[in-house]
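There are two complexes below, and they share subunit A, which is joined by subunit B in the first and by subunit C in the second.
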Partner chain A sequence: MTTITPGTPGVNVGAPAAPSGTQDATDYSIAPEQVSLWQDAWRRFRRNKLALAGMGVFGLVVVTAIVSIFWTPYSLFQEGLGDITDPASWAHPLGIDGHTRDVLSFLMKGAQIVIEVGVLTAALTSLVGIAAGLAAGFFRGWVDSLISGITYIGYGIPNLLIAFLILFITNRPSIFNVIIALSVTSWMDMARLVRGQTLALREREFVEAARATGTKDFAIMARHVLPNALGPIIVQATFLIPQAILFEAFLSFLGFGLPSPDPSWGAMVADGLNDRFLAYHTMIVPSVALLVTLMAVNFIGDGLRDALDPRLKR
Partner chain B sequence: MPAILEVKGLKTQFIVRGGIVRAVDGIDFRVNRGETVGIVGESGSGKSMTALSILRLVPEPGKIVAGSITFDGRDVLALNDDELRKFRGNDISMIFQDPMSSLNPVLKVGYQIEEAMKAHDRFTPEEAKARVPLLLRRVRIPEPERRAHEYPHQFSGGMRQRAMIAMGLSNEPEVLIADEPTTALDVTVQAQILEQLRDLNRELGTAIVLITHNMAVVANICTWVVVMYAGRVVEQGPTEAIFRSPQHPYTWSLLRSIPRIDEKLGGKLLTIKGMPPDLTNLPPGCKFHPRCRFTVDRCFTEEPELMTVGPQHESRCWVQMDNVKDRDSDLRDTPQVFEAENATV
Partner chain C sequence: MSRGTAIYGAKRFVLVLVTALIVSSVTFLLVHALAGNPFTCERNPAGCAHEALVHGLDDPLIVQYRTFMWNLLHGDLGTSYVNQGVTVTPLLIREAGNSLILGLCAILVTVIVGLIVGVTAAVKQNSWIDYSLTSFVVFGYSVPSFVLATFAIIITAILLPNWSNSIGWGSPEQLPIPAIALGLPYAAVVARLVRASMLDVIRQDYVRTAWAKGLSSRVVIIRHALRNALIPVITIGGPLVTGIITGSVVIETIFGVPGLGKEFVNSILNRDYGIVVGLYTFYAMLVGLANLGVDLLYPVLDPRIRYA
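Up next is the complex of A and B:
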């Protein structure tokens, strides 16, 4: 079927076909090409070089994390590879740490934790936040009072305290527990965002029209409210990733994060700090990795916000 | 003819900080099977609120405080949430004023129509899918198969309203309420949409309740007219009677305020002085008396009931326009209104 859908590339509905070679030089602004929201957003995202660079860096971290599952230059348990004061060499590009192990191998394995914690926390947090926000904004009344009440209480209690409590109660630091601790302390922003969006969207005429045709509440939320709020939700979820990565690194730095064989970048920084009188690289390498990753994800978030926010449209 | 929809003594109020807004204040009317009823009135006369009340979609903090709505022998006000959901769209559906915002921008038009059918059990999911192009064809959207896969922003205003009508009719309801369906459209498209509604009414026998402030629209397609003012019915009757011999001063003035193509050049157009009343603080007596040119003493203190003024024709006024001798004299102005206007200038 030769249906012209908004997603079909190269089909200019209403605009004259551009002669080959002048595709980008000519502005057919009279009749804008029909593109889907996502195509349009991608176009604007592509123009943001910082965001693209951020994508590249984050992609590298993801690839590293995947590679590290199957292969690292040295085993994490392999000690006696050299001395912390040894200069960088081809065998150990990032040097040797205080436990006579390979820093690069640890950094690579650490990327795995960064991705797991960042992405899973953002996903879990978004899920909880979206559900809570949708329910509060859509049903209002006592549901809203209850959820908003819990949200504000959540804001009132220090993040660190809750995270400590959860890690103490579970008594066994693991990635799963850290993710739970992070999600419990960071779902409120998403809930508030979604609630606000829902409150605005539920008054829109198409929601009223859906109600007038007897659409079920759940269907209205899932198909009319949520898809229209997806832009800001994606942006918020993206910003949750660096937040979670940083918080995990912080917990691990304090020694409340993952246990020793799990090479969290935060724990590496803490280790490096102990060896500060011998060498700096064990502290600097994971810090820089953390900094670059966080900046990359933040740039992606900024790019997404600009791309998905219709108010900033040219 | 049997009534499919009957509204009796309906009162819808909004309790707000400034008092009680009496949006609908005791209205009665009925819609027979297959009939086309026009509800006319100016902004704030309660016509949209009446429609929303029938579907029990009155927005917060509004409440239906009195009266009854009977649909096909069932009491609409007694339906529970689930019955209400099944009632909406299936037995009675509604199309809204602004087709630009009544369709969800992120979903394909065909999918939205399909969804309206899936909300009810009248059609199986396969049937619902198959019916989409048929419905779009019925409202004369060209290339319905292709158009069903497009998004609302690819439709023109008239096409979106047609799509809304297709959605409204998808479950073959007995009654379709159209709340100012043509207000947001340009005149040529208006005419097409109205013709469309009339044809659908004839072909499918769907009763239509048309809410509008446009007398010409009513004259075009309605068989029965209900004129509303300040949340109540001031006059109702067959279209013919209302347009030929309006008996309420409000209806009469409304009709006289429409320019006519056969009017002599330079003639003065009649206007209705003043503003619609504040619904939190209604005037005593007849609610129209502050703006009326034909008041008698009783108007200031006593509100008239709907009185029979002709065959099936009722008017809520102590005066019948047929009995007013010099009604065309433009000198008849209500003194209070005059003073009030001078005071503000």
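Up next is the complex of A and C:
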């Protein structure tokens, strides 16, 4: 949308997509307002109310996670605060759990794990996936065969099996092992995406020009190929976050997650399920927190995809 | 089945066997080389040494691997390390039966709910029905399976207090709730695909022709539109089967179904090496064969697809 080639039919038909208020002053069929890709994307993202709400919820979870590092209403080790059947009160807004501890404190501390696992896994996965995808797409040949071969076999085996095998071998549940287990299974989608983008971009004229001026391979990848593939990469990375959160909750629920005092929301649901004959809130509270967070990040991802996908440009 | 399909199927079958072989080898070697002795030697050193001797764990890794492979080629996956005298192959086959029943019911839920929701949303496009069904779909693929299962348990407990305990296995009453919990997330995925594909199809000329001929809406929608709209939906078959198998791990654990998924969790928690390795081999075969079956179904359902 930033440039118009004279004489291209149909280009100026759909051009005016400017914010309201500036419309009458400019003739867009001749000179569209110059906006960068990111400004344009942000404008479209802002229009998506669900995505904005998702940002709000996710922001709240991040703030909760940061606050919980320094302060929770009660210590996680403080027991004997009441009984699981006690109704909610000002002292314990979300009630008491089956171990006579404060549910709200655990929920807050759990947000920390959600953010750590979600963001770190997405970052690590993206890093590995981008590197592998760039190498496969750029060098082709045996590098491509090797990486594509690994992804092909990896797709034939359910993620769950690989993740459990890693946890089984390491035999020590820690946040680091969980993140490694998640990353090993989920870098392949990113690698496949980046490989496809790189294969297309490396044939473009600007890459040829860079090569003609003697630019090194690494610099071409980092400065010319990668920035042009960034849109889809960001979208994919956003969808990695809920995937990681879900998987961690899933592992913790089954009892393979973090060791006991670390309050994962998945483990809280499992605890609540055991206490279901006494009360439901210990099961509902973490479930709803998990569901709302996952939906929020999914909405952000949908919004980003609509905003960054050039094919959907209006 | 054409000759091309047969050759394609045979090639894929060999690939499934190779994948299963690789999976079992990697699992066996990693587990035996890295995970250490499964028997707790602190409490009972003598028994520990005896157990290790019985299971050949003192042999060099290559000897253990050779024995394992030789038995595997004869269909023998070895014995359990925790429960004395339990042979893995018959155990897994028995449990696979239970998983199969649950899985098929879940797929039934997925297909029926997915089709009804998808078609209704497409036919009533942009109405409140469409919007509420579409939000159900977003909910469906965001909600973790175990959260869905816990809600299902609460809702059953509140609405149907006389319903016999929904957790357990054996009576037909205990089947619908786990099947719904397992199938519903995938129903959302199917519904989304059906809706998109139906919206494509109902604008086509031949559907307009069908309306113009004065056919009843049921005949137009089901016989003319839906049959063609389903073709792109079939591609979800492979991932669906894999997803049901994976999902059954958590659903079977929650609802106490004695199937492969529950065994998977238990064997890892118990550090039962014999069953873990056997189960990985079994799963690799199962997923490969299920995907192959779905792929072979394509040309039957859509004559335009042909494997040359």
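Heads up, the rule we're going with is that the second predicted complex is superposed on the first by the 284 of 314 C-alpha atoms of A that agree within 3 Å, B and C clash if a C-alpha of one lies under 4 Å from a C-alpha of the other, contacts with A are read in each partner's own complex, and residues count from 1 in each chain.
Convention: a residue touches a chain if its C-beta (ideal position, glycine included) is under 8 Å from a C-beta of that chain, and two chains touch if they have at least 3 such contacts.
No experiment lies behind these values; they were computed from the predicted model shown.
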When subunit B and subunit C are modelled together on subunit A, clash or fit: fit
Subunit B versus subunit C, judged by how many residues of subunit A each one touches: C
Partner chain in contact with A:A212 - subunit B first, subunit C second, else both or neither: first
Partner chain in contact with A:T100 - subunit B first, subunit C second, else both or neither: neither
Which superposed partner A:P227 touches (first subunit B, second subunit C, both, neither): first
Which of subunit B and subunit C A:L291 touches, first, second, both or neither: second
Which superposed partner A:N171 touches (first subunit B, second subunit C, both, neither): second
Minimum C-alpha spacing, chains overlaid - subunit B and subunit C, in Å: 19
Subunit A residues contacted in one complex by subunit B, in the other by subunit C: none
Subunit A residues touching subunit B - in the complex, by the definition given at the top: 3-6, 13, 34, 37, 204-206, 208-216, 219, 223-224, 227-228, 230
Residue ranges of subunit A touching subunit C (in the complex, touch as defined): 153, 156-161, 164-165, 167-169, 171, 242, 246, 249-250, 253-256, 266, 269-270, 272-273, 276, 280, 283-284, 287, 290-291, 294-295, 298
Interface residues, subunit C side, partner subunit A - complex: 19, 22-23, 27, 30-31, 34-36, 138-139, 141-147, 150-151, 153-154, 157, 242, 245-246, 249-250, 253-254, 264-265, 268-269, 271, 276, 280, 283-284, 287-288, 291
Interface residues, subunit B side, partner subunit A - complex: 55, 57, 85-90, 93-96, 98, 101-107, 115-116, 119-120, 146, 149-151, 154, 164, 167-168, 170-171
